[in-house]
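In what follows, structures are represented as structure tokens.
Next come two complexes built around chain A: one with chain B, the other with chain C.
For the complex of A and B:
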């Protein structure tokens, strides 16, 4: 009985791999690299089939096979051969690579060792990037529609100064200041509103209302008020981050239960002491929730605000101008910078949350 | 009971609303005063403080329009023109709502499918879920205009590009909420289903899906709001054709502050209507079937 993992490389051996510009059909056995890849995959599949090894070995072999099977088509695509109906061999080989990867991921995620989730997610991400690269190259997608990942990475180095200037303008000047001001203001108002219940009852419906309306619409107004430079973007960020912080802090301050409050009273602890030693620590998960929500909102708010007018620097400005100049690789590099920035901020917040709220019931259940 | 309601609800909200209005009017006076003084000086006649207030509250292109001006512009554009007219805000709201709802439907479908895969397949759970979360660190709103331009080059114009952006924003809360909901099933209920010898399909339709509905609807409320935001931002680069986003952009280009504010007001109203519709559906589907709150 032949399993697909053996059948696919075998089939790929005899099928045409593509056509060169001069209409010459290419087979795998004419190209040393693809032949080596195919034979390696075949060998790996037979090895796994014949000797039922431990799952770790099988996962490793499958993974190796997937990498080799994926590398050969990329090597061919680099030589100007395109994907399409005339290259069934290439498709079969890619399918074999996908199959081997699925097998490896299935074995890996079934394990119980620590860090397996990160490894599986990383491999899956690499496969996504590979599919993007192979798709763009194989179908010869024009770079004004979608540049290949390699082209995006290639532009990072030469354009580093430009990207760094944009990063400074948008993230360091507008987002960071606006984020700190907005979160701090939301926090302070929430503490005051908690002390004055009348204010809380009046403000909460407005908080819910504001969270329902498309707040990025205030961007043109802020640009009109505060000018083209970073203060207008920071102002948008302040408005965007204020209410999530307010609402979350209020519910966080309400999270201490009656018994704990009674205990503090029996200790004769005053309002401030109760606030600092009991209620704020209890509110921390809520605060971090708001900080995380706000980190994405802040980045988006600042970049969108730049569409309504900026000095000639900034990530939003870069995106809108380079799109109209058809330099999509710079646009995607900017997007990459933004995504990495967002992920780093999110990661730092998650780390801080784990450290500061390790005692909290919501954190204890995690693996 | 009614006095409690008055004291605990109406009074605080009304106070804050009045304070907001007062701050608004004072702010309008303060921000518009320099321009108003200039105008009055140019007229060459002696003027008092009352003239200044009147001038500041009735400017054609104020820095901050008063609530009255915004309301007047809003109601004029709603009442004076038929709903199909290009100057009617209802028309623009309809255009935006159309693409937002299309994107919402696409996003909910995609999000629900992803959630099903993640819940039923361990490999997908480990490999896909982190990327679903990572996908949201890409500031899609920031690249929305680019996506509209690219899809326009590919021949997709009109409603679809905006709907794609809404979809990208929508699917995330739906996936997260539904994964949580499908896993929220009481183990006792699962055991009961096993004693009934229920098939996995039956467990899904009769137990898991109904149990996930409350979570799903919480997510849907978030999703419908951001689908609207996505549609509005997606309309920014289309260059003032139709939709609330293009009203915002043209208002910003030509300094028509009142137009920006009334478009913003319409957007908020539309968002509230959409949320109300989702809430109504939730009432009918969840609470109507005896679901838990």
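For the complex of A and C:
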């Protein structure tokens, strides 16, 4: 009976839940929302210990308790009550709520219903964002260090035009064009190097050298060569994406086994025929690998390159200037846009990969 | 070496037409310590409509010989002709279909599109391709599996699909390199039976590499016994005592046992059973 899931809410019952503006310590039983949360966590823990094996009900009760408990700090903050070090009971209760959530997620992910992966991932993500929000606001972390998620979301609307202009400049102009050019060039050179062996031997060590150069080293040079606007950023993206594509394409072209090559030879199929019919399909998993690696490299490359000179627009420019102007919420909003962009590109590539390489042993095992 | 062993079968043409002729064929692989003689002065004639098995222990050059016929390997010396041409010319004329040890099906193509692969490369019209795929898949008993992908098939079915692929463009010669080596014995018996029927109905010239004595005797009109280091021909055994239409039962007959014993004797003389 005396498990952490029960002990934590019991302990929270007799610990302070915050301090009012007039320096009065308050306890859970003085605040209905806190009390409801606390009793829900305690009740859920006891219910789970006593109830028969009914996972769906257990998950539902635990999840409900976690949500009720989560409302308490937001409610107290709204009433102007100071939390932080004055509210040990609240944090202990939230620890109990976290245990309840873990129990619910464990049950949900062990199930076999469709969509459980998305639901579990969504709940987990929401819990993380909530912990960030409650932590930052509860402990009154200065927004210059870390703004609350709600503050970041709040600037998305009013600053939409600004963020959209930055997105256009950095993603649509520099990243997309540089990415396409770099990947295409890496692919074409790999196909040529595959036919001309000395090219591959000469280019690969050179490629390793280039990959070892930090972006901060080449970005200023590209700005000198191609000017302040997007072409210099696209050039940085081309440099960082070219060699991963080259190396992966070369490995992919070597992935056809000897029997398959002999088979094509027995059909008197020429070089191009063999390339298109056999070797490129075999290389597809490698190509997608490079495209995915490059999608993140390209975004990082373009944003960092903008630190070294840019017209007054662009995500890298926004981050560097707004940091010095202490507008951290805009910086974080830009980071959010960058993260979502990267995830969307990666997701689209993964989807395309699953469709096109469903035949590959690595894809067949997926459910 | 085949002129004196013309089978009495009236259905066959009186004078055998040589399809593959090797004279003094040698192939030496240079290696770091000493050269490996994969083939040593091979003389062999294979006639049209023959089913010739190459048998011997690993490393006796039987696969190498098949690959030389297919122009997948170049001889060091000697001459070889395939349908009166060099192997390269024969390959470019698509004279043979090759069945490998592994099915070597392309995993991103359905069974049907694997079978039509050679036809696509040769530029056969689409309707013709589909008709021929259906025909040859039926021949190997894979009707109904056209839309499946190779990994959805058992090993035996995959190898049958690869045979259908080799037959699809109707080559005159079928070269097979231990096609059933990786299969269990029951599947193997079944496929041997199918193969011998296939050969009887199509009348193709078949060259079949194996290291199973029973398989060689069951399928062949002639058996070429080879020995390793260097790869040489020890004996060529005529199997025309066995009927051309064969069932698994003939393996119990005295003729079958006699030929099998002679193959085993040949292998023994070639020190194939030494440690």
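As a working rule, the second predicted complex is superposed on the first by the 348 of 367 C-alpha atoms of A that agree within 3 Å, B and C clash if a C-alpha of one lies under 4 Å from a C-alpha of the other, contacts with A are read in each partner's own complex, and residues count from 1 in each chain.
The criterion applied here is as follows: contacts are C-beta pairs under 8 Å (C-beta built on N, C-alpha and C of every residue); 3 or more make two chains touch, one makes a residue touch a chain.
Bear in mind that the values here come from a model prediction, so they are computed numbers and not experimental data.
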{"item": "When both partners are placed on the shared chain, which of chain B and chain C touches more of chain A", "value": "B"}
{"item": "Contacts of A:124 with chain B and chain C, given as first, second, both or neither", "value": "first"}
{"item": "Partner chain in contact with A:231 - chain B first, chain C second, else both or neither", "value": "neither"}
{"item": "Touched partner set for A:135, first chain B, second chain C, both or neither", "value": "neither"}
{"item": "Which of chain B and chain C A:273 touches, first, second, both or neither", "value": "second"}
{"item": "Touched partner set for A:304, first chain B, second chain C, both or neither", "value": "first"}
{"item": "Which of chain B and chain C A:265 touches, first, second, both or neither", "value": "second"}
{"item": "First, second, both or neither for A:88, with chain B first and chain C second", "value": "neither"}
{"item": "Touched partner set for A:359, first chain B, second chain C, both or neither", "value": "second"}
{"item": "Residues of chain A at both interfaces, chain B in one complex, chain C in the other", "value": "none"}
{"item": "Parts of chain C lying in touch with chain A, wherever the complex brings them together", "value": "67, 70-72, 91-92, 94, 96-98, 100-102, 104, 106-108, 117-118, 120-122, 149, 151"}
{"item": "Contacting residues of chain A [partner chain B, same complex]", "value": "102, 105-106, 108-110, 116-118, 120-121, 123-125, 128, 144-146, 198-203, 205-206, 209, 211-214, 216-218, 220-221, 223-225, 296, 299-300, 303-304, 307-309, 315-316, 319-320, 323-324, 328, 331, 335, 338-339, 342-343, 346"}
{"item": "Contact footprint of chain C on chain A as seen in their complex", "value": "257, 259-260, 262-269, 273, 277-278, 281, 357, 359-361, 364"}
{"item": "Residues on chain B engaged by chain A in the complex (per definition of touch)", "value": "8-9, 11-17, 20, 31, 63-64, 122-123, 125-131, 134, 136-139, 141-143, 145-146, 149-150, 153-154, 225, 228-229, 232-233, 236-237, 244, 248-249, 251-252, 255, 257, 260-261, 263-264, 267-268, 271-272, 275"}
